[in-house]
Amino acid sequence: MFDVEVIRKDFPILSRQVHGVPLVYLDSANTSQKPQVVLDSLTDYYTRHNANVARAVHTLGSEATMLFEGARDKVARFINAPRRDEVIFTKNSSEALNLVAYTLSNATTTPGAERFRVGPGDNIVVTEMEHHSNIVPWQLLAQRTGAEFRYIPIDDEGRLVESLIDERVDERTKVLAFVHQSNALGTVNNVEGLVTRAKAVGALTVIDASQSAPHRPLDVQSLGADFVAFTGHKLYGPTGVGVLWGRYELLADLPPFLGGGEMIETVDMSGTTFAAPPHRFEAGTPMIAEAVGLGTAIDYLTAIGMDQVQTHEAQLTAYALDALAQVPALRVIGPSTPVDRGATISFTIKGIHPHDVSQLLDEQGIAVRAGHHCARPVCLRYGIPATTRASFGIYTTTSEIDTLVAGVIKVQEMFS
Amino acid sequence: MSVNMDSMYQQIILDHYKHPNHRGELADFDAEVHHVNPTCGDEVTLRIRVADGEIADLGWTGEGCSISQASTSVMSDLVVGSSVTDALQLQEKFLQLMQSQGHNDLAEDETEALEDAIAFEGVSKYPARVKCALLGWMAMKSAVASATGAGDKP
Amino acid sequence: MFDVEVIRKDFPILSRQVHGVPLVYLDSANTSQKPQVVLDSLTDYYTRHNANVARAVHTLGSEATMLFEGARDKVARFINAPRRDEVIFTKNSSEALNLVAYTLSNATTTPGAERFRVGPGDNIVVTEMEHHSNIVPWQLLAQRTGAEFRYIPIDDEGRLVESLIDERVDERTKVLAFVHQSNALGTVNNVEGLVTRAKAVGALTVIDASQSAPHRPLDVQSLGADFVAFTGHKLYGPTGVGVLWGRYELLADLPPFLGGGEMIETVDMSGTTFAAPPHRFEAGTPMIAEAVGLGTAIDYLTAIGMDQVQTHEAQLTAYALDALAQVPALRVIGPSTPVDRGATISFTIKGIHPHDVSQLLDEQGIAVRAGHHCARPVCLRYGIPATTRASFGIYTTTSEIDTLVAGVIKVQEMFS
Amino acid sequence: MSVNMDSMYQQIILDHYKHPNHRGELADFDAEVHHVNPTCGDEVTLRIRVADGEIADLGWTGEGCSISQASTSVMSDLVVGSSVTDALQLQEKFLQLMQSQGHNDLAEDETEALEDAIAFEGVSKYPARVKCALLGWMAMKSAVASATGAGDKP
């Protein structure tokens, strides 16, 4: 049974006061808070098992390796990966997405990787609602290879213009990269339609699941894409760890990204051969404690049940959309109904800059984000400099949403 | 909502935001600059007229949060009619205040010289907002440099 | 006053038992253990201040940003960097070294970055004693650009053949990358000689300080190189964080590496401009807690005094070299005298494979490493498959070295 | 030093290491393979002769730690004279044992079938050493595949 009050007790920071009032943390899309069990697993790792992985033959090294590789197993199960060695640990989502983009340009100079080559005449497609971390890596890839960079536009409600997918994704499309759930709009995209089109033209598909992994069951097999990226710090895990999942068959043929310890098979001054996935893509000492902590966060979420999480957040979304609709002069940027959208709501308030809204909410203990949320093309699309964004998580309550609404009204009074 | 004592939004800031000074386009000017804070979209266009080493007049337009708008208004009041040297010195002090992370370590007379601008002290505790408060001040500095031919960059 | 027994009390893991005997941890070159204050700072960060940095205007976000940027200040002071914005946080040393290598190949397609271009006819030079993390990134750079990859050989004592520096580093050398202290041999290189030669031919210099930063005062200004890399987990800090220091003047002109949130100035579907250093090179949510933890580790080391650390470890090295010299059939691989060498000692034992030596030491509670230590060319150079390596840190005692020597003798008895 | 009960180095392993069986080059063979463990440099060259679905003979040379050498010796004893099918089944069991991370979950009869090879159970707790123990077994598997024309890779 999902009981938000019980869950809240697991998060020590939620009992903090801010400006003399209890913290109302509505910025989980930016980063989530961490349950005590995750902190305990970090402490346990460092005080009992810390050692470098893969390399050492001693007891601590073996324990650390088993904990680290055990975390990989947990991630694989969490996303229903067909194979554990399809799970690559990165430092965050951004690195995961860049990893794919760099291996593709590296294919240009790697014998045997011809099938991945991208060049002039080819194109790379994203959507207009992407986070910068799913825009810039592809713009840079286009610059490195001479390929064209394109995007699928969004409509007034914050949804993809589906009728343009077939035009933008064409026979020369090499990569289609898109967000599962938008961090700026809350929109949940129709994965099937996008993946089907990409497959039809033979393009690789990359899903940015940074904002969906924490909020709904994620099954890489049913998503059907080639790569899926997400980040630990939004998934109730530590900072400094992210995940790239990729189809083994592709990973096995892709050239490496970062070079260094642990990603090699054998090194020689005259040439080097590379380890099999996932290690080929994990150069240097990995984020051991962080991966272990992420594994614990996954255990925690699994015990709650991701479908329970999804139901809870769907209720919050519906409740918040209703409540915010009552506030005069407030405009929601993104889908206004709780269908195919997540628990992240961006809005503007007539006559008051989002920075002022957020700051004055902070003075009432309410933490929300203001800005373009690293998705500036979305703001450009709607002709606004920024939005205020409230985003929810497993520990969010409807009474916190009431506090938000009351807070916004107070801000309006102050500026009237 | 009454503004509480440690609020970033001192009454003086709200007053300047609602009734900004020196807002408008100067017809007769020596330099114009346009500054943007890319992380939040605040922007200001500022024109300046310099005569005999003094800031003879200044006018600005722009959009942004109350902090950037009010700060530009306060800055204008302080520098119009003052010498270029004093204006730049004041800019230095304000920059130092903004970088103080909530611990104003200016001397008492320096603090006094900042007059209304001291109301922005609370902003310095919020790294993400410091740039808002600095926007108009940085624009003034560039405009002075370009009007006096000193050049902003090496 | 440096008191190793007092220091040991700060490291909770050192009171662990392994195979029923007290742990003797002699694998600090692989990864160091962490003092309690570092663990406390992680817990404090997560339970009181956790939020995403740079982006949020709320109280937690401001606190997190100040803690994270405060860690940058601490790193800058620790290495005597002229400017705090020369300090880039990475996930480890390996990423730091790859960052430099990728920005150089990215310069090939970036207008305005012509001065950094590397291409056919140019060469990149490393040494024969490098860690794979300072070999493979440069081999990959050579592959991407068509430049030649070269190395400066080592002699029988594990020192660079200095007479060959001028030949290998020539007018077409674009990069000279070398290790400050070798992780496989313990050798401390003559930085001045190498940097002087590189400067004379206009090559960029990259120092891998992964193994020196934890053991001696590090002053980037007196080293004189252009880039210096090191890693947090060997510096008594958390896993998942490393540092690249670079001259501001170079960083300001180098194109970006990873694309994503926080490294941009402004993003637009038609093009993107990039933030100033260090943020240009820090895409996505950084390893916030890890950087904070590293800052705490640096405070801890600074309180002890890095010159005290150096003195302590010099004593250990001399003691250990003497003691190991008494063991029959033991051969030290690397400098046999304590001059210009660090507290890392590799050795072989006639007739017993290093894996067996290490494993049987582990059964006596002694943790050492066996293998090629991610520096396989060193093993090739000496015609050995692997070595056993004992490496020391601030918490190592001479009595632990006695235990090691007794342990090795037991292993020999067992195999005789 | 007496070997303690939970030591990885069971007496049987040391015995095989000091006196390895089937070590040497086979003059008459159907297949030869060379396997290397790149992370530690252990290597083995293994020749095999298959007749009537049986491993008629096997000989190996190589260098490495006591675990890899002893394991290859034990493996040789077990498979020489057995049917190819049984040898490959045994290889499967041994692989499973090595992947058990110290928790042998083989059935009792499977454990018995492994005979001396069960002495390597302790190795499974050390991921870095598992490859050492597997080296000879993997080489045998490849050699059988190539001798029987099954092919090692698709």
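As written, the chains take the letters A, B, C and D, and residue 1 is the first residue of each chain.
What we mean here is this: a residue touches a chain if its C-beta (ideal position, glycine included) is under 8 Å from a C-beta of that chain, and two chains touch if they have at least 3 such contacts.
Keep in mind that this is a model prediction, so the values were computed, not measured.
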| item | value |
| --- | --- |
| B-C compared against A-B, more contacting pairs | A-B |
| Most remote chain, CA-based centroid, reference being chain A | D |
| For chain B paired with chain C, centre-to-centre distance based on mean C-alpha positions, whole Å | 45 |
| Distance from the mean Cα position of chain B to that of chain A, given in whole angstrom | 38 |
| Approximate Å spacing (C-alpha centroids) for the pair chain B, chain D | 77 |
| Chain centre separation in whole Å, for chain C relative to chain A (CA means) | 30 |
| Junction residues of chain C, two or more chains touched | 19, 55-57, 61, 264, 266, 355, 359, 370-371 |
| For chain B, residues that touch 2 or more chains besides their own | 39, 126, 129 |
| Residue ranges of chain A touching chain D (in the complex, touch as defined) | 54-57, 61-62, 65-66, 69, 264-266, 273 |
| Chain A partner contacts - residues on chain B that touch it in the complex | 1, 3-4, 6-9, 14, 39-42, 63-67, 126, 129, 132 |
| Contacting residues of chain C [partner chain A, same complex] | 12-13, 16, 18-19, 23, 25, 27, 30-31, 33-34, 38-39, 42-43, 46-48, 50-52, 55-61, 91-95, 97-98, 101-102, 106, 109-110, 128, 131-133, 135-140, 143-144, 149, 151, 231, 233, 238-242, 256, 258-264, 266-269, 271-272, 283-290, 355, 358-359, 361-362, 366-371, 373-374, 376-377, 380 |
| Complex contacts: residues of chain A adjacent to chain B | 19, 353-356, 359-360, 363, 370-372, 379, 385-386, 410-411, 413-415 |
| Parts of chain B lying in touch with chain C, wherever the complex brings them together | 36, 38-39, 101, 125-129 |
